[in-house]
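In order of appearance the chains are A, B, C and D, and numbering begins at 1 in each one.
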Amino acid sequence: MTVDMSAQIGGLLLRGPVLAASGTFGYGTEVPLLERRALGGMVSKGIFLRPREGTPPPRIVETPSGMLNAIGLQGPGVEALLREYTPKWAEWDFPVLVNINGETAAEYGELAARLDGVPGVAGFEINISCPNVEQGGLYFGNDPHAAAAVTESVRKRTNLPVWVKLTPMVSDIGVIARAVESAGADALCAINTFVGMSIDLNAYRPRLSFRTGGLSGPAIRPLALHLAHQAARAVRIPVIGVGGITRAEDALEFLVAGCSAVQVGTATFVNPRAIAEVHDGIAAHLHAKGFSSLAELPRYLPRD
Amino acid sequence: MFVLTLRAPQVASTVRAGQFVNLGWTPGPLLRRPFSVYRSLDEDVEIVLKAVGSGTAALLAMEMGDRVSCLGPLGRGFDLARAGTVVLVSGGLGVAPMPLAARDARAAGLRVTWVHGARTADELCGEADGDGVVWATDDGSRGVRGTAVAAAPDADVVLACGPNRMLAAVAERWPDAQVAVETYMGCGTGVCLGCAVPLKRGGYDRSCKEGPVFRARDIDCAALPSHLPYAVTA
Amino acid sequence: MTVDMSAQIGGLLLRGPVLAASGTFGYGTEVPLLERRALGGMVSKGIFLRPREGTPPPRIVETPSGMLNAIGLQGPGVEALLREYTPKWAEWDFPVLVNINGETAAEYGELAARLDGVPGVAGFEINISCPNVEQGGLYFGNDPHAAAAVTESVRKRTNLPVWVKLTPMVSDIGVIARAVESAGADALCAINTFVGMSIDLNAYRPRLSFRTGGLSGPAIRPLALHLAHQAARAVRIPVIGVGGITRAEDALEFLVAGCSAVQVGTATFVNPRAIAEVHDGIAAHLHAKGFSSLAELPRYLPRD
Amino acid sequence: MFVLTLRAPQVASTVRAGQFVNLGWTPGPLLRRPFSVYRSLDEDVEIVLKAVGSGTAALLAMEMGDRVSCLGPLGRGFDLARAGTVVLVSGGLGVAPMPLAARDARAAGLRVTWVHGARTADELCGEADGDGVVWATDDGSRGVRGTAVAAAPDADVVLACGPNRMLAAVAERWPDAQVAVETYMGCGTGVCLGCAVPLKRGGYDRSCKEGPVFRARDIDCAALPSHLPYAVTA
């Protein structure tokens, strides 16, 4: 069974349309990589210029078909990233994008400049949407001007592919999508986690020390699918779908809805083979339907 | 306190004391549930558990022959590269990692003393295949009245597992003790950073990677979530 | 065990804090009312001035821990409501609020005027948030001015309690909450369904004929809880929490998060006794914790 | 095609032909699943099903003694207040409501003729306790080659259940026929309006309340969702 699974996305040619989502795959070095043939690419854990401690525990709570997380973008900072991880990435046979974060538009730009041209860094995913950081995160993602400003400041400092990861917490995702597209984004990722809460009935306070957390997992899939579809309808650049993808059928829904690739996150916590199963299941579906390439999959993308 | 046996040859043959397995099943909760390996017998591993919530309740409702996905062995276990005596201090469910610890300690030539602590006699675990055993209950219904820590003798190596307040007492008396810590876990494999253990020197380590075994003096017991079911019920 | 479960909400004294959510309890006449003692009140299916056909099937899809619905506010119109239902409501021992809808602010007002003073109508729940109607719905709920305009036009035409039901599809629910509070709302309901989608991999098109639908059920609970909490922090009027409540513990999370009452929707589809179980479970919790009334339940409501 | 037996005395004693039960269980899908009552024997009711998705797969995986919550009998069944002859036309799983229909019809003094249709012989249902039986298969592997509708005789009362295309053919030939329709259901009790059945005169009725049995001429078969698993696989 030979189906062409390659996907051309925002300046990168991926061998497959299934990537590992930021923050759910660490730096790719924590777990022995099973079946990497199925891994189209990986987005590293969100990083800032400087090291960040992250939030106190508890950092996660389970919810129906989902989980809340408030990690607070814990990370070693860019210098440690360059020391410890990028040299390893340079030897891998799939692209690694760095999920970059900042508290000002300029900081995003600096971070991109510092990483630009470094072997092992294949591109950037701008996180304007992490709901766990009081400054930055939410703010950039909700305001088209702020979102565009961040995108420009990164665009100016690198020729590598620039993907922008959108937040779902907006009333019209199309507005933000168009704003970052015209600011020079090569692709969009939709979406990041939804802000949620859970209350401890013993302590009568939030379970998460940060009070709120980002909801991920199958629970959000129908919402993520809608937002990815809306984003895809709003722009001409490729959209990478992310949110609750667990099985190949889930990924296929995003692809049919107009996405060019997908990311798998929370599902990998439960099933270390999730990415391979999703990849192989997509290929099997295409084959069963008589398509010889991913590109032939029918898309439902009314532009009205 | 119930014991569950899993047919898991690879885990059984490689697991070291203090390591854990991460269990998942369908239909079941979204996230896997981590459990210390209680004992390992050629092909099988055992875990010990109590029903505290959805996951443990479901595990205890399982029947002979049901299948669960078992990831492991995970985490860094106890360090037993020492000669002399070892004391295993446990509170309630905290006994979970101790039988393997006794096994490995004896294999390393250490003299093993068990110290079992619990609220009452019927919450005590029976394990006693050591060179010495001490019982301690809060209500004095068996052995010494008082905490396991107070009842324990000194030793060259101290291993402890139990509620947060007990870990604090351990750190107080034996800064070098090795303690096994429980947290909520997302992945169990080091990628999600959900299992943060607060450190005295600031920042966090991952319970699933650098842990679950830590030096008592390194962790900030006061900052450990107090309302984790395991910490409370253990 | 005698715990005072009564709740004073936006001009109504409820015998209990658990209400039936709009659209999930019909007009209260479809099902024999088991254990009505536990029913604090009921909100009727959304109604327009004129009859509405609703959307073609399929209207519902199941999702992980949730369901999408696109009913399209099918309803007989206000005249039929007055003929067939309000006379029955007049004989019941719990308040019935009418969930009112319109395509212009004026229409909402007219509808309220037509129902004002009618025996059996205890108050209004303004639906500015139903995501299934192309005009109206979404638009009002996303714009503070539009939301306030609708609230005013209803407020002007009735002295009955006016509750406003908020949409989750906004970037800052506090802004909308404050806008409708100052426009004269007596209470807020948070929240309505989230817009979602599901794709049929045989037809390569959306499963719902309307394309998108509103997500309800346990999947959205952590999101609804956060939004209800944000709304409660933003206003002084009572907030009624709704979204994914299935068990007493779920309802208690909303109450602790600052809500004065809750509504149960989707859960009643699965469990006809859901409302009674939630009511009794809340009473049992209060009793176990040694509280003699709902009012004594500790609230977590930082105003910062 | 499998038969599942439920111990449900109240339902068994009151159910009428064409009515359904709404089944829920935990852990299981969020929504209940409606099933026509196939047969009822004093304390028990039977349903007939095929694995088409999550719910039916889970039901078929159940073991003797497992518990499911059973709401019913729900909906409006067949109207048999007529004298003379009745023909029961079913395609595949559409046979589900027919055994009860045969029972009630005979009780009402009607002469019963079964017409079983399916793609192939092995998809045919065995039921035959009527005054006459006709078999029809698309491939002619049993009985008449062709559709059940084509193979059926005329009668005073026609009851039909099966795929949408069959219902259309029924409406064509017998506008007065009573057809049992399937839709997705949210509540099964009339409150959610999720089970809309498109009507020729415009608007919608509720499959769970005004239905699931309708006059063939009243419903707009062309507008019935074609991709419902039951409609496809039946």
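Of note:
Just so we're on the same page, a residue touches a chain if its C-beta (ideal position, glycine included) is under 8 Å from a C-beta of that chain, and two chains touch if they have at least 3 such contacts.
Since we're looking at a predicted model, the values are computed, not measured.
The mean-CA centres of chain A and chain B are about 36 angstrom from one another, to the nearest whole unit.
Each chain gets one centre point, the mean of its Cα atoms, and the points for chain B and chain D are 56 Å apart. Measuring from the averaged C-alpha position of chain A to that of chain C gives a distance of 34 Å. As a whole-number value, the distance joining the C-alpha centres of chain A and chain D reads 46 Å.
Residue numbers of chain B whose C-beta contacts span two or more other chains: none are found. Multi-chain contact residues, meaning those touching two or more other chains, occur in chain A at positions 61, 65-66, 217-218. Taken pairwise by the contact criterion, the protein chains form one closed cycle in which every chain touches exactly two others. Under the contact rule stated at the top, the pairs of chains that touch are A-B, A-C, B-D, C-D. Within the complex formed with chain A, the chain C residues making contact are 61, 63-66, 68, 142, 169-172, 194-199, 201, 204-206, 212-213, 215, 217-223, 225-226, 229, 244, 249, 252-253, 256-257, 285, 298-300. Every residue of chain D that touches chain B in the complex is listed here, in rising order: 27-28.
On chain B, the positions that touch chain A within their shared complex are 24, 29-32, 69, 71, 183-198, 202-204, 209, 223-225, 227-228.
Remark: chain C residues 23-26, 30-31, 45, 53-62, 65-67, 69, 71, 74, 200, 202-203, 207, 209, 217-218, 266, 268-272 touch chain D in the complex.
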